[in-house]
Each structure stands twice: as structure tokens, then as C-alpha cells.
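We call the chains A, B and C, going by the order they appear; numbering starts again at 1 in every chain.
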């Protein structure tokens, strides 16, 4: 695949699927105010994916709605982390923390991408992502230093989620070209920045951080291999849309 | 989204409880309201005023948090980016409105926690329309447009009421409702003027929801409990029949103009009286549903309870003796 | 299990039978923080409402999305409710400052109006003696919102109201006054203003982006 398309699809699909997942909390959150904040961030993620699918459309791909609502799981390039069900709040927050750190650093790097339209999107989203990271860090620090119950929950969530999070950095065949053409710094470099960034926050908690690079990443998502959760998610998301794909909803 | 008159839970003690109030303070209180000044939390107020307002604002808050559920039903299935993002924003707004209204009620002395506990224990009422299901996307659109439209009629009236914190909350809420109304109308119009499948879905949803919509403003004034004192205190601002008539006046033509029909052969405007005529809603059924026997009562409460219970560990973890609860100021 | 039309609820697995009533012994709710919003640079911070939160940093996260997710915003303050001292409320044409206790002329404290000057040496001495900054908010009309009017330096919250009377007491009407120790206010950093950069662009949340009249007219024309 063209390196631009390769990169954009991965980014857009991650954002769409995680935004969709996180929206499932709306109305069910642990605190009214948190319910509102979490929904805003889910909306932001939808907005990011729309911006990226719009770039893809400009490069000749189908309309954003068609791309988002009519493909099946094997055509999706998201990492498996984002497709997992929301579980309990400990998992959803941990996923938010691990993903959003990678997202913030990724868009920081993309701000100087050789592909100017993407660089523009990245620069614009900077402040938005800053809030997401602030939210994630505040929660991680609070819960990671709170009651025994909370610390145990967050520890379990972290242990479970980390291998999936490493799947964010799965490389595709286009990786070498993506780096050499100045599109993006590359997944290895992003992962090392991410590691530093999450470790800095986690070290301020009572949570134990395993040797992350020794973990086996849950990979495959970038090549269309997904968990059993993605296809049902897509069927649900497109249930109305597919009733009449010619309709203007 | 939703005014509170529809809960059919008007006071039964409307004219009792004043004999213990200090007549001078009561006279000053009434004079302030008569002058058009708002009452603020620090003011003296009759116990009955506090009680009725607490109940009314609390029910309104419950109607928002429960009211987020029928549309939340379609949050993961909204078709296309535009609808998906807007549906999320709308459901989010309902939760936000609940937050604003619980805060306003808290200034009267009841804690938010107590209100939420009463809700999940079935001790408090909320707008009865949310005890009905949204089996299709079109049902969600009908709520977004017409239930919110009804709510705006109510809320604009209540925003002229006498209690400062409630007015402040309603000002903010009404501003956001403008989005809800336009979004809902936009969605319904797209369906009604769209493909045959869409059109049929929308007509079916409207047929399902119309009887509930007709009960939204509560029973006819002829059947309502005496509310004179609540009108004088600007707690209740408009009569159920006035609100209903205003709603029909504004929205029935908009429904008809996009080729939809309404399932009431008697519905028509009497041009001589300016009043709408319609088949009297089934108030016995209304009472049965509001008292717990509707299609979704159990689910609505169970969902709220699950949210509270699943979130309890989070709240326990963050609780700190450093910030003790005190009543919000305004 | 309750069968819902909402797939999310089916995943939650809600029990059919109503659970026994929840009996709560202790409060598990947090304290509250009062939130002030600035809509553009130079505009006063205006009261928008409270949030429930365990600490100020969480209160800020919550306030940001509850009170500034639409339209432009250049700053947000959060203040613990308990940290605000207030006067009585008075009528819409009066001044709440008139309800404060009158200071005795022979009071050992310096006259209030001498306390907010540009005298740097005097200022340092005052801080050394335990005086602190307070932010003052006025409510101009019942039913409206408190607005920030400025700062004073004082030795206690009660004193802050007295100093505020000397500095801002000419303004009328003042229905109610709030004083908060400046150190108790968590303020957004100027360098973090970019968290609101994209807020006004989220048009899907705005009524104005839903324009459907053309479609209605077209439908009517085709179906006459």
C-alpha cells in the first residue's frame, strides 16, 4: 500500500474504533462530571478519525462514511487494543492512558510530517490531545495511589492491557518508506518515547511496571487480523447505515 | 431536556404548612417575588417552597439522566459521522443537564447522592415518557425533536420562575436545547423526505410516540390538583393545557408539512377558539405506567443502579477527608 | 436478564428482578468546587456553576468539559465551595456591603482603603504580617451570575469583605459578595489555553449547523 494511505488508515481506524468504544460509557460513567468528560474525549476521537478519513478521501479513497461504515473487520487496520470491549472503568481508563500517550506523541511528531495536510491536522489537535493526556494522567495518578482496592484493580488492568498496547507500534511493510520519506518518525522511535512518557507517570503511583519491552505484543491488527470483538462492533455501528446504504440519514 | 410537569406528581399539600411560617417573613418573601426579584439560596423561604422546588428540580434532574437512555440506545448505531457525533453530544448534554439541575436542587439542602439514591430505590419520579422504548433509530429522532421541543416549551416558562439557581441552570440548558431541537428536526426531516424505508420507519416511530407525547405536559388542568400558591410563588409557571396547546401550535404544522401523519383522527385546531382539539389521552394508562408498570420502568432504574454500583469503587477510591461536602453556593 | 433495545445494556447484563433498596450509611460523594469561566481575554471571570470533585485538579478536568465544551474560552478557575466567604443577599437595588458590621473608628487596624496601594515596602510588610490576597466577586442582580471584580489584600475572609467594601463599595447594586483566598483558586495556565483551540470548531454541537429548510421546500414542491 502507498505509505501515506497505510499510515492514515492505521491512525484513522484506531481513532474511530476507540472513539466508538469510549462512547459506550456515555450515561453509565462513575461520576456525572466524568461521564461528560469521557464523552467529550470520545467525540474528539471521532472527530480525529473524520479528519483523517477526509485526508484519505482527498487522496482518492471513498467518502469517510463509506469507509467507516461499510468495511468489514479484515479491511480494518486498527490495533487490537482499541477493539476490546469497554470492560470496567479500570480497564477503560488504563486503555485511555496507554493509548492517549501514544496518540499525543504521535501527533507531536506528525506536526512536522513531510505530508503537509497531515502535519496541519496534527498541529491543530495539539491542545485537544493535551487535555486528553492531562485527564489520563490525573486519573492514573489518583487511582494508582488510592485505596488498596483501586491499586489492585489498576495493577490488574495495566498487566492485562500492556501487551495489547504494544500492538499500537506494530510495523507494516511500508514502515521503511514512511520513515525515509519523512512522513513519520516510525513506530520504534514512537514506542521508545511512549515508554519514557508512561513510565514517568506510572512511577508516581504505587503500581508496579513490568519490563514492558520483554512482553510479547499482541499484534496483527495492522494486517487485518482482529479479535472476535471487532466484527460485532462494526455490525452494530453500521446497523442503521446498512439498512439502506443509498439513503441520506 | 425535559420539564417536570409531566410527572403528574403535583402537591397534595399545597395549601397546608403555611400556618407555622412567620407572617412578616412570608410577606417579605411574597413581596420580593411579586416585585420580580429572584429568590437566592441564602434567603428565608417557606418550608413548603423549599420542599416543592426541591421535588420539582430533582424530578427534572432525574428526567435528564434517565432521559439520556432512550437516545443512548442508539449511540453506538447512529448512521454516519455527522449523526454519530451529534448523537453523542446530545446524550452528553442530557447528562450535563442532570448535573446542572442536581446542583441547583442541592442549594436547597438535599445532597446529590441522596437524590440519586432515591432515584434508584424508586422513590422519585421522572418524566413518564422515558418509560417507553426506542426500538428503532427513528424513535430516537422523534425524541430528539419532539420531546425536546416539548421540554423547551416547559423550560422557557420555568426559566421565568422565582428560584435563582434553577433559572441559571435553565438559561444554560435552554441554550443547549436549541442544538437538540435543530438536530432532531434535521434528522426527522431527512428520514421523512428520504427513501421509502426511512419514511416508513419514521411514520411508525411517530405513531408509537404520539400518545406519549400528548401526555408529556401532564393531565388537563381540569384534572390537576390546586396549584394557585405555586403559581403565586412562581414555582409552577404555566398550566399543562397552555403548554400543550402551544406545543401543538408550533409543531403539528411542521410535522404535517413533511408529509407525516398523526394517529389521532380528532386532532385539529379550532380556529374560533385558537385551541387544539384532540382525543383525550388515556390517563389511566398514564397512571399505570408512571406507577411502575410501563415497558421500560424496570430497565431504566436497573441501568441507573448498575451505573451507580459499577462506579462505586471509583468514588470510594477518590474520596478524601480533605474536601468535605458542603452545599454548593448558587 | 432484562432484554434491552440498547446493545450496551445487554452487555451489562441487567438482572430481571429488582434488587433490594440501596441503604447508604455514609456519603460517598465528594466536595464541591465553584467554577468561573472567562469567554475572552480581558473579560471578567463569571460564575457558571459547581462540580463535585475530590480535589482541585480533578475539579478542573470536570469543569473544563461541563462548562466550556462549547464556544470560545480563555480561562477557567475552580474554587472549593468551602473556601468562599459570602455576605447576605440583599434586594436588587441595594448593596450587600451595607449589611457588613461597621468597623469601629478606633480600630487598631489601618483604614481599609490604605491597604491596596502600590507601596511595595508596605505590601511586603503586610504579607509578612500574615495578610493575603483575596479575589472578590459581585452578584449584580438576583438570578444572574457572580462576576470577578478584582483582588484585595486582607488578614481574614471577614476582613477581605471589609476591604472590598472600601475598594469596590461604590458600585451599586451589589446583591451579594463572595470572597475567596487567591491561594485557594486553581487557575488554568495561559500556556494551556490551546486546550480550547478547537472548541468553537465543533459545529456538530451547534444549532446553526443544522439547516434543513431547503430540503423541506424541495419536498413540498415535489409533493404538491
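Keep in mind that, in the parts below, contacts are C-beta pairs under 8 Å (C-beta built on N, C-alpha and C of every residue); 3 or more make two chains touch, one makes a residue touch a chain.
To keep track of the chains, here are their UniProt names: A = Ring-1,2-phenylacetyl-CoA epoxidase subunit PaaC; B = Ring-1,2-phenylacetyl-CoA epoxidase subunit PaaA; C = Ring-1,2-phenylacetyl-CoA epoxidase subunit PaaB.
Please read all numbers here as calculations on a predicted model, not as lab measurements.
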Task = Please give the intersection of the contact partners of chain B with those of chain C.
result = A
Note = Highest contact count belongs to chain pair B-C
Message = On a CA-centroid basis, which chain has its centre farthest from chain C's?
response = A
Request  = Quick one: report the Å distance separating chain B from chain C, using the average Cα coordinate of each chain.
outcome  = 26
Note = Chain-centre distance (mean CA atoms) for chain A and chain B, in whole Å, is 36
Task = Calculate how many whole Å lie between the centre of chain A and the centre of chain C, each centre taken as the average of the chain's C-alpha atoms.
result = 33
Inquiry  = Using the touch definition from the top, which residues of chain B touch two or more other chains?
reply    = 69, 72, 74-77, 85, 89, 96, 99, 190, 303, 306, 312, 315-316, 318
Key: Junction residues of chain A, two or more chains touched   = 24, 28, 31-34, 36, 39-40, 43, 47, 142, 236
Inquiry  = Using the touch definition from the top, which residues of chain C touch two or more other chains?
reply    = 7-8, 12, 51-55, 58, 66, 202
Request  = Spell out the residues on chain C that touch chain A in their complex, using ranges where they run on.
outcome  = 7-8, 11-12, 51-55, 57-58, 61-66, 69, 192-198, 202
Message = Taking the touch rule as given, give the residues of chain B at its contact with chain A in the complex, in rising order.
response = 65, 68-69, 72, 74-81, 83-85, 88-89, 91-92, 94-96, 98-99, 102, 137, 187, 190-191, 194-195, 197-198, 303, 306-307, 310-318
Message = Quick check on the complex: what are the chain A residues that touch chain B?
response = 20, 23-24, 26-36, 39-40, 42-43, 46-47, 50, 64-65, 68-69, 88-89, 142-143, 146-147, 149-150, 153, 236-241, 243-244, 246-249
Key: Contact footprint of chain B on chain C as seen in their complex   = 2, 4-9, 12, 14-16, 18-19, 21-22, 24, 27-32, 34, 47-55, 58, 66, 70, 80-82, 84, 86, 88-89, 91-92, 139, 142-146, 175-176, 178, 202, 204-208, 210-212, 215-216, 218-220, 223
Query = Given the complex with chain C, which residues does chain A contribute to the contact?
reply = 24, 28, 31-34, 36-37, 39-40, 43, 47, 85, 124-128, 130-131, 134-135, 138, 142, 236
